[in-house]
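One chain, chain A, links the two complexes that follow: it is found with chain B in the first and with chain C in the second.
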Partner chain A sequence: MHTKTAAAFILLVCLPGISQAALNVFTCEPEWAALVKELGDDEINIYSATTSTQDPHHIQARPSLIAKARRADLLICTGAELEAGWLPLLLRKAGNAAIQPGQPGFFMTADYVDMLEVPTTLDRSLGDIHASGNPHIHLDPNNIIRVANALTQRLIELNESGSKRYQKNQEQFIKRWQQAMAGWSERAASLRGQDIVMHHNTWPYLSHWLGMNAVATLEPIPGVPPASSHLARLEKRLNHDDVAMIIHADYVNERSAQWLSSKTGIPIVSLPASVNFQQGETLMQFYETIIDALMASGE
Partner chain B sequence: MDDFNISILGPAFVAGLVVLSTHIPLGREVIRRGIIFIDLTIAQIAGLGVIIAYSFGWDEHGLEAQMFAIISALTGALILSLLEKKAGKHQEALIGIGFILAATAGILMLANNPHAGEHLRELLVGQILWVEWHQLFYAALISSLVLFVWNVFRQSIGSTGFYMLFACAITVTVQLVGVYLVFASLIIPALATADIKEKHVMLVAGVIGVTGYGLGLLISALLDLPSGAVIVWCIAMMALIIKLIASQMITLE
Partner chain C sequence: MNITIIRAGLVCVLVFTTSAVFATDEETLTHQLEEYEKRLDMLERHVSEQQPISPYKTGNEFNPAISVIIDGVYASYENNPDNYVLPGYSLGGESELAKEGFSLGHSEIIMSSNIDDKFFGQFSLALAEHNDEVEVELEEAFFETLALGHGMTIRGGRFYSGIGYLNQQHEHTWDFHDAPLIYRGIFGNQYFDDGVRATYVAPTDLYVELGLEAFAGGKYPAGGDHSNVGVWTGFVNFGGDLGISHSWQAGLSYLTADDIEREHGSHVHTGVAEIPLFEGDSTIAGVNMIYKWAPSGNSIEQNFKLQFEYFSRDEKGSLILLNSSPLEVSSLNSEQDGWYLQGIWQFDRNWRTGIRYDMLDSDNLGSDAAVLDEAGLVKNGHTPTRSSIMAEWLPSNFSRFRLQYNRDDSYQDTDNQIFLQYTFSMGAHGAHAY
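After this line comes the complex of A and B, so read on.
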């Protein structure tokens, strides 16, 4: 009797252990948290270092950040020097061998897509920070597929026992994603060929996908407030152009966008720059929001 | 529970002790002279030095950049100390002007290279949680040199000597813990103890600083908040509490 109870007890204790989270995943940006959730579902623990309203260039160091990185089996970041200001420091502080560069636990999504705006000459005066190209790759849904495929392989490599589940999730996700993409493209067909102005150079992948022409950037050099001569020139030029909208990320200050809008009458469209993962938003819902906002401005 | 890991909070706490060791005595002098924003100006000038080194094509992580930072900070300190002799009563205003000139010179120099600017800013303004033991070693070394000179040669180095010493201390600590914590460590304990009997000052200021850093780190781990900002608030709260206790004790006497 006693042995039976003991056995039952051991089973009870161990069963949840077996089905317990197999992988701890640390993501630098919420879009990758949302993606790995699609592939790994509830059986992985996900922690995102930033939220959709934070600029991933900068981060305030919190103790949990280091603690989570220390425990992570897999680190998913954009790479392309987007996190150059803090990721090397975090990796050094975390001292976790599994997620150091070159290890299977180190996954940079920018390695798996074709980068836009890669400088042809590597001149130091042009800024060597984004030498790998524009890092905001998650704004083209084709890139999501490419990253999803590579990421599934990586999850399997790290946790063989989950391979069936990851593959099934991948197939289902890609299928749903491609259907949704067709829908978005159809809805946004009228945007093709339209001219837009970007506030900050966050959106080239989006405009590339939807076939919009980015005719100007308000901040010609990201991070530096536009020079008055640049704004004045822009205003003069745009008055004669047929520009549909000024796009800007909803978390940045929109003053220069408002200035241009008030001078030219071009409407401003505020878009979320990433998935609100912490509030349970999915990648699918994020893209819906973007398409909705873009279409609403055209009406 | 991992958040309370000593290897995460330990180096940060020791960094706090290193910063306090020089900033409490120097802070008292800064308050006495009425030049409380000098730390921000010196830090900004040191930063400008690194930007200059970078635009000359030198490695911003290297020894050259550190040399440039310290030389710029010393030059800035020298100019400020000369200005103090010339126009003493306007010193605070001149320090403020020095701050904005150094800050905007940096913007102009990096106008064509903003991402590098972001990068350099992170290099120059440290965050206390990123501190590593080997950095602490150098910081402790320089801090003890500064303390030694200050304690032994205070009378003979004069005003210029103070400015130079201060520049050395600040250039090191800002890279370690950032400007907010440097300002808080310099000004708050010194101000809170300004009216206390001379023989108790170091002890009381030390208690404020050390409990401020310790509590701040614990609370930031507990509530998962940015550590630097929480510590600043804890130092201020501790100063207030201890100030109140001290005034109670005086009225009881």
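After this line comes the complex of A and C, so read on.
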């Protein structure tokens, strides 16, 4: 009897929390939250499981995430094993049939782009590598277009009545995006051909797009923090004059980058790894920030 | 790549054609252009629809995710671990201490996979050595629904019960080498059994999970044959975030088992072992609270976890000393409860440290005090407690070395225990459960 009373009480308390929106969207990373916001409209309820200062590799299937995934109509994640440590568990615990693999509510952005750094050998001694390739695909603006197109189709599939709005938003966004891209490429033209060092291999899509050469990473292998011996070897190996900058994500511990910078005089460029969606930043502003930071160091 | 070549070729042809028909009017040209575009589109579609030429498949592409856990320990005790007792608790299950010196712990093989679009399956084997014999234990073999929706999930087969917080977690994911004393005392470390579970997650921002389980009741701390359901459990878990850096979970759980026939660890009296057998009913109620902190929700470099669990168990029935002559029998009315509190702090990407405190109490009554004493149910005014401290080195996500010290006051003679443990995980990436 007590259990019944308790259950009734719980339902009563939580009822106001049950909201009604056209689509509840759950994204694993903030960049996809920012993108779906461009394509959708106010009738889309967006929740991002992570912020730009969290490493999407290392998240737990927290109770709050399960509660959000339980009510989602559409799940947008990167895929390519980026969320392998928590997404499968989240999907199993949420009891939500609509967002299971194979359903229209399950959307993996990595399925729509060409992956870089697809390993030919899979061995854990090579670090935390991804069989499908490097998952940080949102750092090439061309990929944003590819994902935007596929995502628009998916939104229409899930909510036919919104198809006109989604298509209009898509057209406008792509147009603005392409204009912005042309501007960024022009501004960053001087970066083409420059050598850079990365902290973690977060940035290959960015360097690929801008034509920069990643000559080394501070992490000896992906996911393994830089050891002093590796840094010392790196310091000897690098041709100091040719390397333009050390790039690292602003939420990562800066110690190793600072050490190498102090030894070599190579400037550090600290970049946000993703969109600060929770504070209202847009994809466009995020890319502006990145280009600004890269150019500021070049001057 | 092919398309680019074709496209280049077509443009070339187009340019050639254009120059050749320089005189024709614009309309024809536009028409031709459209024609080519159409053909190009068709070609592109054709290419994209073409299945890649598949190499010969050997049939192992759909293998389940497999992880193998290798676990071992070096244990050092001041007292003889074979004499371990927990006054007020009759031990059973896997409650014995690790062998002194080097030994293998629980090596595990865990396989899991989506079976189809509707079911997920998991299978796990534990291999452990008891008295120089390797015992294989089937810990889990269950299916779980994926597609019921509405927050509902049904699981069936053999699995760890959802009561408590730690009970569901595989031993290799625990933060200490050994189970909390209350788990050792009432569950024989962990409770799993054959049965079904239904869970429901409410459609609310606050995480609310309700669960109900029915088990055969053949496994410790239940036991005996039951024609239908031997054990019922129910649990409710709540949880959420407090800002971006804090999260919590709290749960209540309840277990009831009737008509138990359960044997406990044996006391050897010259030759034949006298084995305490409990016959009766048991109920367990528990509460657990978990709090976690990670700066900005980024747990990789630093995080903190506070974990508290309390259980109480009431048992009524009779206690029989098997192999005693004449057969010694006592009535039993037992109340046992205990708790532990632990805090784990990861202060560096590769280092964690933690402390834990355990305390148990009991009040066991029976018609024959000598029988209760024989079964270890007399506490003699002693309150079992234990203090533990540990430090872990984590070279990567897949390897861990742990040094742990216990000041163990489980029984009257204080024992100082040291464990040096290694745990390696090979293969599939294990999920990060909360």
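A few points about this structure:
Simple rule for what comes next: the second predicted complex is superposed on the first by the 261 of 299 C-alpha atoms of A that agree within 3 Å, B and C clash if a C-alpha of one lies under 4 Å from a C-alpha of the other, contacts with A are read in each partner's own complex, and residues count from 1 in each chain.
The rule we apply is simple: contacts are C-beta pairs under 8 Å (C-beta built on N, C-alpha and C of every residue); 3 or more make two chains touch, one makes a residue touch a chain.
Small disclaimer: the values here were computed from a predicted structure and weren't measured.
Measured by the number of chain A residues touched, the leading partner among chain B and chain C is C. Residue contacts after overlaying the shared chain place A:89 against chain B and chain C alike. In the superposed pair of complexes, A:210 makes contact with neither chain B nor chain C.
By the touch criterion stated above, A:238 is placed in contact with neither chain B nor chain C. In the superposition on chain A, A:284 makes contact with neither chain B nor chain C.
After overlaying the two complexes on the shared chain, residue contacts for A:44 are found with neither chain B nor chain C. In the superposition on chain A, A:74 makes contact with neither chain B nor chain C.
Looking at the shared chain after the overlay, A:66 reaches both chain B and chain C.
Looking at the shared chain after the overlay, A:97 reaches chain C, while chain B stays out of its contact range.
Residue overlap on chain A between its contacts with chain B in one complex and with chain C in the other: 58, 60-64, 66-67, 70-71, 81, 84-86, 89, 92-93, 95, 124, 128, 223-224. On chain A, the positions that touch chain B within their shared complex are 57-58, 60-67, 70-71, 81, 84-86, 89-90, 92-93, 95, 124-130, 221-224, 227.
By the touch rule above, chain C contacts chain A in their complex via residues 114, 117, 120, 144, 146-153, 199-210, 234, 236-241, 244, 247-249, 292, 296-301, 349-350, 396-398, 426, 429-434. On the side of chain A, the complex with chain C involves touching residues 3, 6-7, 10-11, 13-15, 17-18, 50-51, 53-55, 58-64, 66-68, 70-71, 81, 84-86, 88-89, 91-98, 100-102, 124, 128, 223-225, 251, 253. Those residues of chain B that touch chain A in the shared complex are 2-5, 7-9, 57, 107, 110-119, 122, 127-130, 132, 217, 220-221, 224-229.
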